[in-house]
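In the part that follows, the structures are each spelled out as structure tokens.
Next come two complexes, and both contain subunit A; in the first it sits with subunit B, in the second with subunit C.
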Partner chain A sequence: MKTFRRMVVLVAASLAIGILFNQFLDDGIPWRLLVPAGGRPPRVRYMDVESAFEASLHQSAVFLDVRSPSEFAVDRIPGAVNAPFGAFFRHPSGFTPADRTLKIVVYDFESGSRKARLVAQWLVRGGYSNTAMFYPGLSGWLETGKPVEKGGAP
Partner chain B sequence: MIFEDHLRGESMQFEARLHRSRNGLFLKPACWAVSLACALLAASVRAQPVRLISPQVVDLGTVLDGQSIEGEIRFVNAGAGPLHIASVQSSCGCTAVLPHETDVSPNDTGVVGFILKTTGMHGLVRKAITVSFADPGVETLYATIQARVRAEIELRPSFIVFQGIPFKSGSVYADTMLVLNGSGRPLRILRIQADTDLIHTDFFPASIPPDGEARIRIILKPKKAEYVNATLTIETDSPSKPKTIAPVLIDVTE
Partner chain C sequence: MNRHPSGIVVLVLRLGFGALLIAASVGKGLHPLDFQQSVDNYRVFGPWLSTWAAVFVPALEMLTGLCLVSGLWLDAAAPVNAALMSAFLMLVLQAFFRHLNIHCGCFSLKGEPNIDAAKIAENLLYAAGSILLYVLQVRDKKPRPDPGNRIPCI
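And then the complex of A and B:
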């Protein structure tokens, strides 16, 4: 019984340390995602390359890039804002516009990125109902030869 | 006389003060400029002792899914002292990274070898490599490797979206997806399955010639206003990739 209790305490302590440690990592699982949101999945719309290109061209949407600053510095959709996944969930208000009616397009490098989906879902839950996920990601954007913006300190 | 001496004394003190003041006024900006230059020099020396020789994005060209690509990231130690590589990391478990030598002398080239395994990847793939140094004053080095992975089976588009559709009883919506055979041999589509009964396809088992394509019609029959993240699984006789999954977003409104 004593051994079992010790084991439970050890597992609980390891879990707590793990969760705490995660909060300090750029790519760690933010505590906000550890708490189940419940309810129906929020309606996140998908966006294809051509619609995203139109939105970028006419500056009719805010593009959120969930990659790390060093990846963001390599290239990005013109005018995109860097919202690194971990940093976004630590301080979401620092990356979101005050106007909740604005069109927000979230993207990652990979097509169908889970990170981009989670950020988009969080925004929809937070009242940014005009949020879309750019499903093909920057890889799809580059493959179709769309222009990118380069540079910027990581 | 005493008064004149006093005046001379006052004047000398004033001259001395003026001299100190002038020199001070003159010296201060000079001191500031020198200090600033030194600080900038020190900062630049500390900030950029490492220079990447390889391009920031190392393009590895086009490869077939499953192939491993080997390469190197090269940098030069442009600082005055030796560099010690503390850690080398990649953004993905699919990329193994190893420095050839952990110590790099001034003006020498450091080499970090990598192997990228492309199993299960398709399209443009990018992975980041990070090189950290023991000296905290030396900036971490970021390099990116990229490759275009040609999968045996490619879907165009890679996802299907039925969104913003108003619900009408008995209505039917359809979209088309192409299955491209890049395997270099005939490929047989065995089955296409959806994880929801809202969608079905008009496809029957068929063979796709090398570099050929098959057209699949995806049909949606909404039952009510709902939001569903569905998937379509395409099963083929490809030994390396028997299943290919296509996401299908269904967003039917009132």
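And then the complex of A and C:
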């Protein structure tokens, strides 16, 4: 009985530590993702480099960069807004425009980033139906020689 | 002190598994989203349960590993270790037989070879060793008759 009780404590403590630790980790899994959203995750539209470049050039979309502020400061798509993954899920309203019809493009450095997909899915679920994920990511953007913005956040 | 021969085996096994679990938990704990993707790739749990597993499993590995190394709550840590190793073996086995072309995600989350016969043999060894540790630990806990208290034969 004592052993069983200890096993339960070990499992419960792991659960509590795991949840808490993830809230403080920059790239951790936020508690909002632990709550069942119901149904299948929404489909997110993908955007290629040329479409993203067009949108950036004409400023017809809000670009959300889910990387950390230090990575964001190195280089980013011109005009992008920094929405670090963990911070975004802690206060989503701080990073999203009031107008839900605006076109939002979410990207990370890597192609097919899980973080960018989760943020984009969250936005689509929240009513931002005009959200797309920039699938090639900043790495794809750089590979094609597109211009980047450098330095501190605009 | 009259140490039972299995005491050395228990010591080696618990230090080995303790170090293994702690080492495995660090990468998973620091990159929970990558680990969540690894768990999701096994196609056993849905995305929501995979997210919970990514939060919970690294913490459980870390706590169990610390218990095994320190020798605290060994009676609880040994069966949890055996359960973890058996679960990992089951996951790897089902992925192999379903021909899922995926990485194990056991230690390093990137750059690991895909699941093959060698990976199954490795996991089989871990599961067998963890069960042996559990059995020896239970056996060592049982009180043995003290030879000094024997009633002398007349």
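The criterion applied here is as follows: the second predicted complex is superposed on the first by the 152 of 154 C-alpha atoms of A that agree within 3 Å, B and C clash if a C-alpha of one lies under 4 Å from a C-alpha of the other, contacts with A are read in each partner's own complex, and residues count from 1 in each chain.
Please note the rule applied: a contact is a pair of C-beta atoms (placed from the backbone, for glycine too) under 8 Å apart; a residue touches a chain by one contact, two chains touch by 3 or more.
Note that the structure is a prediction, hence the values are computed from the model and not measured.
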Task = Specify the outcome, clash or fit, for subunit B and subunit C once both structures are aligned onto subunit A.
result = fit
Inquiry  = If we overlay the two complexes on their shared chain A, which of subunit B and subunit C does A:Pro41 touch? Say first, second, both or neither.
reply    = both
Message = Applying the document's definition of touch, where does A:Glu149 land relative to subunit B and subunit C: first, second, both, or neither?
response = neither
Query = In the superposed arrangement, which partner chain does A:Ser139 touch: subunit B (first), subunit C (second), both, or neither?
reply = first
Ask   = In the superposed arrangement, which partner chain does A:Arg6 touch: subunit B (first), subunit C (second), both, or neither?
value = second
Subunit B versus subunit C as contact partner of A:Ser68, first or second or both or neither = first
Task = With both structures superposed on the shared chain, find the angle between the C-alpha centres of subunit B and subunit C as seen from the C-alpha centre of subunit A, to the nearest 10 degrees.
result = 80
Request  = Figure out whether A:Ile17 sits in contact with subunit B (first) or subunit C (second), or with both, or with neither.
outcome  = second
Query = First (subunit B), second (subunit C), both or neither: which does A:Gly112 touch?
reply = first
Query = Once you lay one complex on the other using chain A, what is the shortest C-alpha distance from subunit B to subunit C, in Å?
reply = 5
Query = For subunit A, what residues appear in both contact lists, the one with subunit B and the one with subunit C?
reply = 41
Query = Taking the complex as given, what residues does subunit A use to touch subunit C?
reply = 2-3, 6-7, 9-11, 13-15, 17-19, 21-22, 25, 27-29, 33-34, 36-37, 41, 114-115, 118
Note = Note: in the complex, subunit B contacts subunit A through residues 56-57, 123-126, 128, 130, 142, 144, 148, 157-159, 161, 163-164, 227, 229, 247, 249, 251
Request  = Note which residues of subunit C are touching subunit A in the complex, please.
outcome  = 29-34, 36-37, 47-48, 51-52, 54-60, 62-64, 67, 73, 75-77, 79-80
Ask   = Contact residues on subunit A for subunit B in the complex?
value = 40-41, 43, 45-46, 48, 68, 70-71, 73-75, 109, 111-112, 135-136, 139-140, 142-143, 154
